[in-house]
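My questions will all concern the structure given below.
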Amino acid sequence: ERQGYPEVVFGEGKTVYQIIEIIKVLKARHRRILATRISPEKAAAIQKEVENLVYNETARTLFWKNAEEQTILYQGYVAVVSAGTSDLRVAEEAAVTVEAMGCEAVRICDVGVAGIHRLLDNLEIIRNATVSVVVAGMEGALPSAVGGLVSHPVIAVPTSVGYGANFGGLSALLSMINSCASGISVVNIDNGFGGGYNAALIHRMANEKRGEQQ
Amino acid sequence: ERQGYPEVVFGEGKTVYQIIEIIKVLKARHRRILATRISPEKAAAIQKEVENLVYNETARTLFWKNAEEQTILYQGYVAVVSAGTSDLRVAEEAAVTVEAMGCEAVRICDVGVAGIHRLLDNLEIIRNATVSVVVAGMEGALPSAVGGLVSHPVIAVPTSVGYGANFGGLSALLSMINSCASGISVVNIDNGFGGGYNAALIHRMANEKRGEQQ
Amino acid sequence: ERQGYPEVVFGEGKTVYQIIEIIKVLKARHRRILATRISPEKAAAIQKEVENLVYNETARTLFWKNAEEQTILYQGYVAVVSAGTSDLRVAEEAAVTVEAMGCEAVRICDVGVAGIHRLLDNLEIIRNATVSVVVAGMEGALPSAVGGLVSHPVIAVPTSVGYGANFGGLSALLSMINSCASGISVVNIDNGFGGGYNAALIHRMANEKRGEQQ
Amino acid sequence: ERQGYPEVVFGEGKTVYQIIEIIKVLKARHRRILATRISPEKAAAIQKEVENLVYNETARTLFWKNAEEQTILYQGYVAVVSAGTSDLRVAEEAAVTVEAMGCEAVRICDVGVAGIHRLLDNLEIIRNATVSVVVAGMEGALPSAVGGLVSHPVIAVPTSVGYGANFGGLSALLSMINSCASGISVVNIDNGFGGGYNAALIHRMANEKRGEQQ
Amino acid sequence: ERQGYPEVVFGEGKTVYQIIEIIKVLKARHRRILATRISPEKAAAIQKEVENLVYNETARTLFWKNAEEQTILYQGYVAVVSAGTSDLRVAEEAAVTVEAMGCEAVRICDVGVAGIHRLLDNLEIIRNATVSVVVAGMEGALPSAVGGLVSHPVIAVPTSVGYGANFGGLSALLSMINSCASGISVVNIDNGFGGGYNAALIHRMANEKRGEQQ
Amino acid sequence: ERQGYPEVVFGEGKTVYQIIEIIKVLKARHRRILATRISPEKAAAIQKEVENLVYNETARTLFWKNAEEQTILYQGYVAVVSAGTSDLRVAEEAAVTVEAMGCEAVRICDVGVAGIHRLLDNLEIIRNATVSVVVAGMEGALPSAVGGLVSHPVIAVPTSVGYGANFGGLSALLSMINSCASGISVVNIDNGFGGGYNAALIHRMANEKRGEQQ
Amino acid sequence: ERQGYPEVVFGEGKTVYQIIEIIKVLKARHRRILATRISPEKAAAIQKEVENLVYNETARTLFWKNAEEQTILYQGYVAVVSAGTSDLRVAEEAAVTVEAMGCEAVRICDVGVAGIHRLLDNLEIIRNATVSVVVAGMEGALPSAVGGLVSHPVIAVPTSVGYGANFGGLSALLSMINSCASGISVVNIDNGFGGGYNAALIHRMANEKRGEQQ
Amino acid sequence: ERQGYPEVVFGEGKTVYQIIEIIKVLKARHRRILATRISPEKAAAIQKEVENLVYNETARTLFWKNAEEQTILYQGYVAVVSAGTSDLRVAEEAAVTVEAMGCEAVRICDVGVAGIHRLLDNLEIIRNATVSVVVAGMEGALPSAVGGLVSHPVIAVPTSVGYGANFGGLSALLSMINSCASGISVVNIDNGFGGGYNAALIHRMANEKRGEQQ
């Protein structure tokens, strides 16, 4: 229906067989397919049956697109900012989702509030994005810090990374929801897909508007 | 710094005297000022000292703009959708914030999941917005329902309305954060301001892009 | 004692041996036996020792009835509505329980608030039921949407499906308990049995009344 | 639309003026109107403007019905069982709602698990109902005890009565949701209206079925 | 120091080797030793090295006493009442602890609020105890029901048995703490040892007093 | 029924008129009456209508006994230990309850874990009691410390005193429930009545046993 | 006992009369007295009876010292950093406590993560302190940001400022406890006194060590 | 940058290969390296590739220092106090961290509030430290007891040891945060590293000051 949007398959809890069947059906009618939450073992088994699937091991995603379909459809880029090494898998899910929607993603990793200078060093590249996805677990304040430095919308993604009183990401989620910087909104814990999807929606919308005008 | 943005004063916990002083200082340097969380009594006292302040009793906001400043600066509109009568004050705070940022807000009230036909009746007007703010307390599922019907971004605002096991809005917040419709992100409980601000940011961004192109 | 009611065995935490012994004793005195929470391995072992047990792999239930006992004892049907693929096992436990109590269950799967049209497409079949069981995890609002569309009682069953801030089903439970549609009541997380039992109780009661009148 | 059902007004947070306007409009089109959560002061002010409103001080409800409308439309009765003195206001809201829907309510008060004999003394009258509403705060186990003694459906209503670790009724709610007696479902804390509405829905349904048959 | 009291070893997290060493040392100085939370495998390995240890598989305890030491030192008995099959392991830990302290324990199993008549059938034997330990998971109300029927002290032990909204026993714990029957106090979730210890302390105290008088 | 026990009236939420009526009825049939949670204003009004009521302002209790009834019926005493000044009202409710049941209460105030020497200074008097009630809010560890120093049963009463992360006494309650000293059981937050009642029950039981022997 | 330390009175819940009595007794034996949580009304009444008490209206503290006692006893200073206007009362309680312990406090206000440049502008003055107290409610990440910029110990004080999902400061507390910058430890919500006391303890200790060496 | 400070590697979630690479890089530029959360298997594999790494099995840490680097750089010592056997691994992580920072750690184990005399027996050695780290799970009150006995700063480390209502250490954390002894601050659950780091920071600071003076 909505042109250029990938069909998305949530892989968690689906068998290899089920995913293969779904992808086969979708290929007939769609130009882009993204499957998330796919373990390496499942990915290998699926790739044996379906051609041209690209697996991203960090993001644990499979992506397919029609050979004629152009990878990047829109100008500018989305910044995907993450705090720690262990937040990378969620950040990568966000970045892959952004790309699956035909938008460019620029990854800025390992920046955090506890070492604010690394964030400031990357400020120009973040400011020049149209929208940022900020992914963090123990650094619940990162979206707030980024939000204070940029004037574009920030999508915050809390992760379940941490131990002790982090309560599976709840601490980061609350931190982000209470953020006092304006221009920040939040998606579910570990929902890199949702973060990337929202960001791409905003990025595309800006471009599509422009398109309509011509 | 950022042109056309209102300066915002968070009125909660500030005295009448403090708010008057802040507004006076801001008027010298800014073209739009928005003060939120202002009780009717406070508003009356402030309006005696500062001219041209518009009070919105439902939203509990005061707004001032320079006489030369145009009210609406951007084309299109933001949809502000709300569920129950008691969600209105938060929805209105969102709508007023959208307007304070020079964007048009179209209010769609009293639509809810429990009476899905009223929502469907308003579908065209919601779909034609660039972005929706969806405000709900007991109807935590409303953003999910709206998100499934539109392809633009949805900012969800949980409210503390309800009783019993709603736990001051936590139930609505969790419901929205867990939403399985893509394209939804969430702000703090009762944070109409944040919902409106995020929506206007997206709405403006689209328009500004267009402007840059010319 | 209560005629036509199955004897129910809660399989969780019981050994194969214990379940076999219990079923053997019950067969002597009852005409219907339902055992829930039985893994495929346990089921296979039990079926070797007890004849005429029907295993439902999705619901993870074993059912036995006396050869002379009629399957369906009552007119009309109970609607068992579920949201996502992963809610199916709980929905099936509900449906099997409805059937074990001599009532007909009509399954309506894969309908959700985020894609409200699929729900509306199935409206007639849901409306014609005497009572609905609505099973959902990430779609905590589904019972509310169904409740707004039908005038019969709705039994809501939250599931533990989801991730991040769903907290093992608590988010769905709170959503359902706070529902603003009238005519909805809630059972424990993942308690498909309880949902089906309540629904069948209501369905039977209506029919029994009718019976008494004759 | 649905014949014989009262139109219901949730009074909390509405002004006297708003409630009067709503009731006036409803009277033109409906035969029964129930308003809940009405303080004595509000009730007095509303009664001055609208004739034939009956106020129930314990339930804090206003009820109006068309002069020609018969009070009780269905045979049999709903049992409304409550534990402590302070649970009475919620139990009464349930009973009044049952009556507003044209069903008879029989009140059984001051029975509790901690004094099980008083419950057993009232067993016959509870057993002869078609459905029970069981209201309790500190006695979270009461629905479980009733459910074990009757074979009809039980609607459990937790109340916020208690202190210390009752957490505004959460303790009672959890207790009831975890109940191991079958045939129990739960509504929101202090939601006497919901308890009564569900019970009446079941009670009516049984009777309506019978009606259809003739 | 305190005569006749067992030395207690908390086995959880201790290696077989550590437990053997501890028991060897204790045997030199004590007449009774109780080790709790011992898996069958650990028990077998320990019994190979230490003589005269009695293993209770349900309670998962090892008990040793000096050959000359009399098993039961006090008159009367403690009632250990439990609700479901899965509560048995905690109830047995309580009973074994009572016995390790030289008191007689009478077990009353499978009585619950949802089937109140089985409780009433056992009333005489419970009433004749000096103190009751009441163990329950899904039946959080059982101590309350027992407390209302007896006039001696009741020690309530919540268990983590259950699923869904029982939150690892928290629901049962809150239910018991909020109990409105007087004469009930509560120990930690699954703490059968604590329940038995408290009960035996009270039972012994009564007997010791008597002894002093002579 | 149970001789020598006071009839107890829970004053919270009852009107002056209701309490007077209840006390009048109880006086005819009982020898001791205790009313808890009575504000000074209510107490004054009640005392005007009923003779010989003793009001304890700290405990907020009213007590009446038949003129012939002896105050103290049992030998020995219960220790009522409390931590801070603000825990006194709960400790006093416990002490008054102990006395209302014909037992002597010895108060040990202002001892706490943070100043362990004051506790050690009072050790002899605590050790010589038959049972201790330990009342504490911010000092959740006090029952644990007392329990380690005495060999009699300890009833722990958490209080809602404190601020910040004490969550209305939940922190103290959890601390006490997790206590690693044996011989401790816990009642509800602020339930001085329950603490005193349990202690007196144990104290009396010991004495009654002795009586039976004669 | 400990020289130079103020005696501290926690004013919450104490009457004017009680506080006056306590201060009078303490003056005889101590050289410094600090009373916290004193409302302006209470302060005025107390000052009428006791001479030389200094009231700090923001901190809500009363301070007295012996005329001969020197105000500042130690070299260097403690930095008291706070985020928002509404965090000021807690920050001031911390600063006053630092001063009451004979240490200098330098206040740095209105710096926050959402406007990181104001924090960086004040970096030198914070870095030159021996220890920092960082006070924040909605800006739970502030201690983390400060901790990453300094190498001395940071005492974090969460405040209950905020609304919606801040849950009375719990969100800020969790944020701080999970902080990934090393060198941060946390005290109770709104516990400015505890933050100041810990900081002064560290500041003094450093100086005292130096003193001992001479 | 900061001389004498170890570089710290958080091992959790890193592969053996990653840790080896990181350590190799760090060795070129640093004189002390500490890696935490390293399982015995990982440690063995890493030690094969990197020389002079010391593994502490209880603390699960790897430590390396330049051959010329002196082990202890500062006078005096830090007391590391722990309650139960199962708290040892966290206490040891604290002690190893203290040592990695060039400070001496004195371990005082198996002291607890429930057996207060063992704590008192070790009082002199604790009092003579400059700062204490107090580690406890079920004994949440231990820091409070220690804090009342010493006048130096206390860093409290809650552990996740326990069962039932300890909720993964939350109970201990709340207990410590609410502690009413002054001079206590808290780090995350199981964060032995943070406890040791804070303590060493304070210990070093005192010594460094002294050094500066010379």
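In order of appearance the chains are A, B, C, D, E, F, G and H, and numbering begins at 1 in each one.
Convention: a contact is a pair of C-beta atoms (placed from the backbone, for glycine too) under 8 Å apart; a residue touches a chain by one contact, two chains touch by 3 or more.
None of the values given here were measured: they were computed from a predicted structure.
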item	value
Centroid-based (C-alpha) most distant chain relative to chain D	H
Centre distance in Å when chain B and chain E are each reduced to the mean of their C-alpha atoms	59
Distance between the centres, which are taken as Cα means, of chain G and chain E, whole angstrom	48
Cα-centroid distance, chain E relative to chain F, in whole angstrom	26
Residue list for chain E, restricted to those that touch at least two other chains	164-165, 170, 173, 177-178, 188-189
Each pair of chains that touches, named by its two labels	A-B, A-C, A-G, A-H, B-C, B-D, B-G, C-D, C-E, D-E, D-F, E-F, E-H, F-G, F-H, G-H
Chain C to chain D touching residues, read off their complex	2, 8, 130-131, 151-153, 155, 173, 177-178, 182-189, 193-194, 197-198, 201-202, 205-207, 209-210, 213
Residues of chain H that touch chain F when the two form their complex	83-84, 112-116, 120, 138-142, 144-145, 147-149, 162, 164-167, 170-172, 174-175, 177-181
Interfacial residue positions of chain B with respect to chain G in the complex	12-14, 158, 160, 168-170, 173, 188-191
Interfacial residue positions of chain F with respect to chain G in the complex	85-86, 161, 163-165
